[in-house]
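Next up, some structures in structure tokens.
In the two assemblies presented below, chain A is common to both, partnered first by chain B and then by chain C.
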Partner chain A sequence: MTSAPSPFVRAALDAAAALPGTGIAWLDAARRENLDAFAAGGLPESREEAWKYTPLRALAQRGLALADREAAAALAVDAARLALPGVDGDRVVFVDGTFRADLSSLTGATGVSLEPLAAALARNPEPLRFALANRYRHGAADAFAHLNAGLAVDGLVLRVADGVAATKPVHVVHASSGTQPDTSWHVRLLIEVGKDASVDVIEHYVTLGDAKQLGTVVSDIVVRENGRLGFVLLQDASSATTLVRRNHARLDAGAAATVHALELGGALVRHELQAELNGDGARFDSRGVFALAGRQHVDTQLEVRHQARDTSSDALWRGIADGRSRGVFRGAIVVAEGADGTDASLSNKNLLLSGQAEIDTKPELEIYADEVKAAHGATIGQLDERSLFYLRSRGIPLVQARSLLTLAFCRAALESLPNEALRDHLGELLVAHLPTGPAAE
Partner chain B sequence: MHMLKIDNLHARVEGKEILKGLSLDVRPGEVHAIMGPNGAGKSTLGNVLAGRDGYEVTQGSVEFAGRDLLALEPEERAAVGVFLAFQYPVEIPGVNNTYFLRAALNAQRKFRGEDELDSMRFLKLVREKLKVMQISDELLHRAVNEGFSGGEKKRNEIFQMAVLEPKLAILDETDSGLDIDALKQVAEGVNALRSPDRSFVIVTHYQRLLDYIQPDFVHVLAGGRIVESGDKDLALKLEEQGYAWLAEKHPELRKADLAGEPA
Partner chain C sequence: MNESENMTREVAAPVRDNAEVEAALNRRYEAGFVTDIESTSLPPGLSEDIVRQLSAIKGEPEWMTEWRLAAYRHWLTMPEPDWAKLDIAPIDYQGVSYYSAPKAGPKSLDEVDPKLLETYEKLGVPLHERAKLAGVAVDAVFDSVSVGTTFRKELAEAGVIFCSMSEAIREHGDLVREYLGSVVPVGDNYFAALNSAVFSDGSFVFIPKGVRCPMELSTYFRINAMNTGQFERTLIVAEDDSYVSYLEGCTAPMRDENQLHAAVVELVALERAQIKYSTVQNWYPGDENGVGGIYNFVTKRGDCRGADSKISWTQVETGSAITWKYPSCVLRGDRSVGEFYSVALTHHRQQADTGTKMIHIGKGTKSKIVAKGISAGRSSNSYRGLVKIEKGADGARNYTQCDSLLIGKKCGAHTFPYMEVKNPGAIVEHEATTSKISDDQLFYCLSRGIGEEDAVSMIVDGFCKQVFRELPMEFAVEAKKLLEVSLEGAVG
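On to the complex of A and B.
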């Protein structure tokens, strides 16, 4: 980058300079390198293909300090507000990126270990080296990964030992306090599901106050041979919150991961969901819904890489945009050379509820193998007038008819979530977010 | 006392005048059959009465139970007691049939200031009506009309009518596309719902439905208005002689109005 660094970049580098060292040489080196890369590349501009539909000009002008850790640790939080139906296992809470032991329980179970990142590093940093010493190589497109690697102090290490089936889901809450205006916070998650092990994880985003903040979360996920991961993402932040998240999953032979995502809130939200199917027979399924209104901007970037034989992936995503909101969905399936027997499908359907909303959807297929079954499709449409009239002719008011049809449109994406209580709750949250009045034209 | 009073109704669809001065009086408990050639405006009448978008009333009035029906939204018309059985019931994937029907009934009850039915009371009501309609309760668990056969869709319309208990039911070519067994089942359902304070307007292209539902009055709709009214013998005459004889009585009708060809 030849021009002067933006206020955003300057403030982030200033914040990094003030952070104490970790005392672990390789980790400090990795942080420095990532921050150098961030300083060199700056924030991505729209000429970067991966950021084409998500402009960051406004964010670049905001100089954000790091959220104050003492204030975050002291903030009174009503734990009941964080609870989710059907989710009764350990809960790990971060407020403005600061781990809150008082709001968390890390009892785990036999073979399930939950450790705050700082504690895990203090105990034995070496097993974390592979993930934390990672250098992201895509220049500005990786700006937030660089930033997160340079600035995240807290995080979580979740490990499920070989052969262990965790019976209770792990609930990870990322709360933006909304009490520290113009600050940022950063969290790093490391999840490892052992051979023949299984676990369910819920990643849950909320906002507690009104102040504008930015949060970044990077999760590194590994599912070992024949392991199974169920992952639920519920993003219910306020319209003051900007979130940039990356979930990167690597699946070994026979491993399976299923993601259900519901994006409801946020001002500017970016979610990068990346899966590498590295072992034969691995499977990655993703389902998601975004429901946007007002001036929300939510960008989902799904990338599935089939890199071994007989791997399969199925992606089913639905988007709804009302008001002046903008939804972006890019779904890329890459089938590497030699990944014969791959079976991949991707469907992305979208509903525009207002003339001023916008949805950009871009399915991509890159296939370098021979024997491959791949299907993808994307549509953008409106509510069916005939169905609306049919419902109204039976007495259902227009607003309710619209909401019923919109929910029906999303149903396919959420109905496969096995946790019934949680599934019902997600449905209710979705209904509550659907427009309650005639489309704002 | 009129249930429905349509006076000199003119209506346009996509800029084209389809109804051209239609008048019809229906009193409580009466069954009126409206027959006519293709393109006469039969389906337009049902859609105008139910309040479908795109049907523009340019002249005339419709009074229903003392109200100006045309001033009401489609859902309000349903709540005051107007029911349209669709010629082509819409499939709505993702919306459960039972859920839909309960939402509809409760929305109507709420509009009328009645208490809403909880699921227990609703299921009891549904079971009673299922018996009358001889519908398998398996249909209830499916999405609205999704994957239903033609006969199942039409029976589902009559079943909805049984649950919603309208004051006025308009059947828009409910008999079209039905085999004789399905036709009989639909007719039995309608007959079971006849009552002194419920009226029916049965729009049909064929006389055969009227073998099973005895109408009090039969009207011929041609050229956008009712040109002939009588009792069920009129339907038999139409069955035997077609519509061409009406041209002598009504020289103002064009040949095309009676042949069912587009004007």
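On to the complex of A and C.
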């Protein structure tokens, strides 16, 4: 455990030492504390339960410098490349973790405040103190959360005032430049949806070049009483990009959050989606699809904690693994003592399309209350032979029949997305990623 | 914390002030009597000397002693596992006596201490006369030594070897040597290594080619002496085309301190052989405050070595303060089948972390898991299972169903299934639910004039039916009764 730090840890500490102080005593202290915690624990190992299926041995051997902020600020980027259909509101763009005002538009409709983290800190750091100096509530031992807290100098603060229903979605783009090999970047997002307020946020991951990079993004999300958050995650990074992301949402009474996630790219991707239902009647729904090929490794860790009465959650995740890829899914439902009236369900279905691919899934139930309805189901299998035969008997070629059935398999996860234009676009992206050949044979 | 407690109180059903319930709550563990017989024990503690001494007492051959020592040395290097969802008070391995045997060494059943036989009478084990009536051959293990084996002759005629492990080591050394540790290697896990070093007795079953064992074989375990651990070792080998059904029951007297039980069971099924292994575990669970009780750390594993073989585990776990047990199947042979049927009930402060592993290696292998967990009182009950499909397991199939029933506000029910699939021709399905006893069902029963206790036990019985169906008749009756007794005082 306490052997010599890996190249990864050493490089991260060197990078941190080179960072200028913020001039805010509590923030510098918090960073130091997080880096100390990171250095003490190092990168998680496979024998740790939470990382059982995602080995980081290769990553631990890579010493990554911080991506150069000036180069990131100067990189020419075609803004049109970042646009998404159906997403026409404000856009916030980060290139290698550096906020790019020239690519962003922060008009901030009435009641919606959008501010880059660095700017917000420079203006008035005190309101952010609780979020940034506070230690992580659970998963405090997670190395990447500490790393992100120690190294993220920029990010976004999004606040929707009480009673405000934002009409246009906020588009947050995380672009890996792909021009700074063996570097890492880190972004921190703080999102607060006020009482009776509502907003849609699209988190969008892209890669612009071919160089290998690591990005970490940690979002702290709070939805106040009766607030509503629609969250879409589109991850379409290149196969050179490693991403470790954590979305942690806390929901107050009557609040509702819905997440739609589509994971298409990335070399090694870890996505932790955590929801705490802290107020009575809160609701959290999550839907997601991953479609993997090549040597991709995508690990989704969903954890829903029911900590108040009459809370509900529903999760529907689909996975496809082809080539030599590996898909990992953990879906935990935790019902705390006293969280009576909880209604929780989770479904995770996977298609394994290749003899070299692997799927590891682990739905979990942890229940400490008795007035509870909780269920989960998980399957791993193939396309139904009879359905394939039926389509082929109607003259549809095998390749197309496979693709149709695979799309149908994933559809349930995306069809509840209300933004129609975006939904169609996600569907098209998915189709383009689906294996076209009879790869299973 | 306070907040959630208040909430709990608000919705809790009105507590019934019923003398009957009170009485039932305080009902004693029925098998909790101590038999007063003289016994020889090794002094508490564990060292190479103790292992040697133990081996010498048992008159074991050199290879066995060395085997034990190797296990002991390996055990010393291992850390205690802490991954299970169990809260275990530190175990003092040096405070345990690793061997205890009734003093007067029994030569045959007729010489067995009458007090001992009485114990079995009380437990309802048909050891002597009753054995014949029930048609069950029993190998009873009292503390650490097998006291007598019934039905030897009848079995010998069929060619079946059914004897204590000590005897098997002496008389069937080659067979034991070939198979012992071949399913659960000495260093498999912490408790298996400990068992390998100090196991004192157990059962050995060998079913030769083509033989269908003419009767159901049975072992009854009982921990009697104070401060002793029981480390039994069972090995069942079924040769090609054979069949055997094996039953195992366990009890222990009531004591304030925790007692350690670390058993290893190994099953080997060769081509087309079938082994059916049923357990009713009723070790002393500790009292309602969690004082005393057996720590039950068991490694059970079956190896479907031959094609078309089948191993089926059925367990009813109602006892023990702590249960840590994962009967598994290694499906090596093509088209081999593994099954796991389990009912685990926890009450008061009991903790159970139990489940199974199905490792699919051969082509066309199938496995089925049905696990029912019932938690009451302040207990914690977890299902933990692994279904692993290796690359070569074309056409493998698994179906898993885990249901949990919660009775009370302070208990926990958890499900941790792992699915690892490396073959695209495999189909793996898992389903799990958790709920409390449905108010509708309860109301229906009450409206028919059935009392609440009876209604609950009926509903629980129905909930477990799928598993009980797999048990041999006598055991199914016992299991049902056990469940009723264990659940008394859980409602209200």
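Methods note: the second predicted complex is superposed on the first by the 432 of 441 C-alpha atoms of A that agree within 3 Å, B and C clash if a C-alpha of one lies under 4 Å from a C-alpha of the other, contacts with A are read in each partner's own complex, and residues count from 1 in each chain.
To be clear about the criterion, a residue touches a chain if its C-beta (ideal position, glycine included) is under 8 Å from a C-beta of that chain, and two chains touch if they have at least 3 such contacts.
Just so we're clear, the structure is a prediction, and the values are computed from it rather than from any experiment.
Undergrad: Evaluate whether chain B and chain C can sit on chain A together after superposition, giving fit or clash.
TA: Result for chain B and chain C: fit.
Undergrad: In the superposed arrangement, does A:Ala408 touch chain B (first), chain C (second), both or neither?
TA: A:Ala408 contacts chain B only, not chain C.
Undergrad: Please tell me which partner, chain B or chain C, touches more residues of chain A.
TA: C
Undergrad: Now for A:Ala336: first (chain B), second (chain C), both, or neither, which partner does it touch?
TA: Second partner only, chain C.
Undergrad: Quick check for you: in the superposed arrangement, does A:Glu385 touch first (chain B), second (chain C), both or neither?
TA: In the superposed model, A:Glu385 contacts chain B only, not chain C.
Undergrad: First (chain B), second (chain C), both or neither: which does A:Ser393 touch?
TA: A:Ser393: touches chain B, not chain C.
Undergrad: Just to be sure I read the superposition right, which of the two partners does A:Thr167 touch: chain B = first, chain C = second, or both, or neither?
TA: After superposing on A, A:Thr167 lies clear of both chain B and chain C.
Undergrad: Quick check for you: in the superposed arrangement, does A:Glu371 touch first (chain B), second (chain C), both or neither?
TA: Only chain C is touched by A:Glu371; chain B is not.
Undergrad: Let me test your reading of the model: by the given contact rule, A:Ser46 touches which partner, first (chain B), second (chain C), both or neither?
TA: Neither partner.
Undergrad: Just to confirm the value: shortest Cα separation between chain B and chain C in the superposed three-chain model, in whole Å.
TA: Superposed model gives a least chain B-chain C C-alpha distance of 15 Å.
Undergrad: Based on the A-chain superposition described above, do chain B and chain C contact any of the same residues on chain A, and if so which?
TA: In chain A, no position sits in both the chain B and chain C interfaces.
Undergrad: Touching chain A in the complex: which residues of chain B?
TA: 50-53, 73-75, 77-79, 83-84, 86, 89-90, 92-95, 100-101, 103-105, 107-108, 111, 143-144, 160, 164
Undergrad: Mind pulling up the chain A residues that touch chain B in the complex?
TA: 384-387, 389-398, 400-401, 404-405, 407-409, 411-412
Undergrad: Where on chain A does chain C make contact in their complex?
TA: Interface residues on the chain A side: 49, 53, 309, 336-340, 350, 352-355, 357-382, 440.
Undergrad: Which residues of chain C touch chain A once you look at their complex with the stated criterion?
TA: Spelled out, the residues of chain C in touch with chain A are 3-5, 7-8, 11, 83, 389, 391, 404, 406-436.
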